[in-house]
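Next, two complexes with subunit A in common: one pairs it with subunit B, the other with subunit C.
Then we have the complex of A and B:
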């Protein structure tokens, strides 16, 4: 996981500030959970499991959401090739 | 009581840095009286009595050194004057040249050297960038329409068309590039700089060099919102290690003395140097607001006092500029028009 992600300031309300670029973002509770787990260095399976438990999603749907979200993070340059 | 004169008090839509500098100096903890130096009787700072206890109209630097210095000596003789903080590029060559004379008159400054001042010319940026290990956008220096067209062919669109000191406009085709070229030539003359547009985050650093390779603090920001004139309206502090290290290399390599603004585009790991301003920018109060009071530190450096060097500011602090208005008596306007002071 990139150094960039570990530096992000993430608030409980889902507001994210990147101190290196000055960019800020907002995300929903699903994105917030994923970001926090990525920051803690958690892997795909752990995150998918947490998503199904926390939000009652099917595993396949949770995995698809995770992939979509990672794609967005990559587009913003916040993660590199996870 | 320390008496300080500050120029650039034109807090208009293209604001000078004087009002921000005065705000910082007011928070210095020193016992100060601040005078505003204005070129126009409508400069808003004249009417901000809570910042500038007195204001004076000063002659344009183009009228010559003697006239300019006589005006400063008039102020010194009648009201006392210990330090002059210059905030405008147009004054700097004159003041840099006259700094020793001013010092003998008891008026202190803290200015860059003339050699340092000359680094602000955009055709000098590639040399500066090379010496401090950063990049510059691919650049052509042009002085004719034929050279302009060749430059745009080489670089591809979009390009930035810039005056050597002022103005920068983006062009997406030859028609736009030609229009910008003509406008810049008519206002600022030749040569004109044509630059490839670099994608990335526009970030700026304000700093104060000690003249020996070190500095009294740096604050890096990203502009979030700019006006149609390209002036910052809102911004946010950032901690970008690469950018701050590049700025420290700049200060170290050129032994920069005085205030400066280091403008860059940050693209991943790459830093592209866009502009160096040899004085504080108009948003310099942001530094004071985040605990690195650079105007106050410059005043202390000019006075030869001990100057703080800590610059541990927080990333994510917001700068918000706003419009305001005030009401003044006609007597003030009358005094500045008729007597040149109020």
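Then we have the complex of A and C:
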């Protein structure tokens, strides 16, 4: 998922700081979980599983939303596009 | 599984940067679970989505508000319903029951008013194109005809001879009231002397009785002062006509054009601030009358207000079908209702309400319709939390011009329902099906599909 992500400072409240650009972001609890898992190098299946287990999401919706979240990260340049 | 699922979102923080959308609160969308007490979900489960919903209570209330604003200030007032704004039978029936006459601009609208039980004498016939057959009917039935062109004067004289009647007519006048754009293509121009030429032409013909003056300065006019100028100019013209030609001007029709509480594109103030109350318009018009009329003379004041009366009585329920992230980072939604049934989306930013509480911060998003056409954008700067598929959005005000200017294009037009004053819900226009579209088509024998 690239270096950029691993350098982000992420607080428990969902506050994110990007030391490279000085930009800051906020995210919600599901976003926080995804970011943490991405930083740890976890893959799609594991993240979807975590969203369903920890938040009770439907698998299909969680997968759809994960794709969408990745697109948001790409739009902000926090992860690289394909 | 302790925590509630919420769609994952991430927002960039802008230091010292206020919400560039100006109006939408960045957190939490406006929630509307019902219309006049009827739950959104009940409406959709009975009649489908998308669905136009009209409120009889709001419609009657608004009509009375407009009517009272004028009748409290002037003794002789008629409200004539602008059919083109909304000519659904049930809607015009409500307005006629409140005492509105009919203002029509085609033989089709004329026929529609007649079949609703409105006699010719209570119809005002406007418009630049009045086929001669329709003038024959209108003259025979005693309709009030507001003449738009010199050709129409000649046509009416011909009809007068044929029918053996002296038609009562008015001329439509256009003028400078400080409003842009100026609707100078309709009727006869005031400043250039064209209107005066039309009066002379009518007097010369000797077959028509000029009994009124008409003007409609435009639509969604945010300057009440324009109506004061309009009214004063019409009164001055009326007395000049009376003094020089001996016609009695019995009515002064100032048209419509009053705004509804909608958010016009390009106007950043909320409608509660930008749109003057109807009383201000009434005050300007009636003051201009009372200051310029001769003692004891109270010609009939006619108003043809359309959108100010019906816009806020109409809602459109639509459903989120799909979501996609746009390359610029905004979220796009695909709705089941598009611009083919929401003509006014080109002019307005509608009020967008959501049928349920949705958690998550609001983000800029675009609402697309279902048409496979790039122009199908219902709203390009909405600000909403992440909406799950199946969420209903309630768009308003949509009561004016949409259910007349809508078109069957790609999709069927949806049902329209009316919520009565006691909460009863009636279907007032069925959703279309394929028979509505193909019933007038003919396939030559040689092209018929072989079975």
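Keep in mind that, in the parts below, the second predicted complex is superposed on the first by the 81 of 82 C-alpha atoms of A that agree within 3 Å, B and C clash if a C-alpha of one lies under 4 Å from a C-alpha of the other, contacts with A are read in each partner's own complex, and residues count from 1 in each chain.
Methods note: a contact is a pair of C-beta atoms (placed from the backbone, for glycine too) under 8 Å apart; a residue touches a chain by one contact, two chains touch by 3 or more.
As the structure is a computational prediction, the values presented were derived from the model and not from experiment.
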{"item": "Superposition on subunit A - do subunit B and subunit C clash or fit", "value": "fit"}
{"item": "Touching partner for A:51 - first (subunit B), second (subunit C), both, neither", "value": "second"}
{"item": "Superposed model, subunit A: greater residue contact from subunit B or subunit C", "value": "C"}
{"item": "C-alpha centroid angle, subunit C to subunit B via subunit A, nearest 10°", "value": "90"}
{"item": "Which of subunit B and subunit C A:9 touches, first, second, both or neither", "value": "first"}
{"item": "First, second, both or neither for A:23, with subunit B first and subunit C second", "value": "both"}
{"item": "First, second, both or neither for A:34, with subunit B first and subunit C second", "value": "second"}
{"item": "Subunit B versus subunit C as contact partner of A:66, first or second or both or neither", "value": "second"}
{"item": "Nearest-approach distance, in Å, of subunit C Cα atoms to those of subunit B in the combined model", "value": "6"}
{"item": "Intersection of subunit A interface sets (partners subunit B, subunit C)", "value": "23-24"}
{"item": "Residues of subunit A defined as touching subunit C within the complex", "value": "16, 23-31, 33-35, 51, 53-57, 61-62, 64-66, 68-69, 71-73, 75-76"}
{"item": "Of all residues in subunit C, those that touch subunit A in their complex", "value": "1-13, 323, 325, 327-329, 331, 360-361, 386, 388"}
{"item": "Subunit A contact footprint on subunit B (complex, rising order)", "value": "201, 203, 221-222, 224, 235-241, 266, 268, 315-316"}
{"item": "Complex interface listing, subunit A residues touching subunit B", "value": "9, 17, 19-24, 77"}
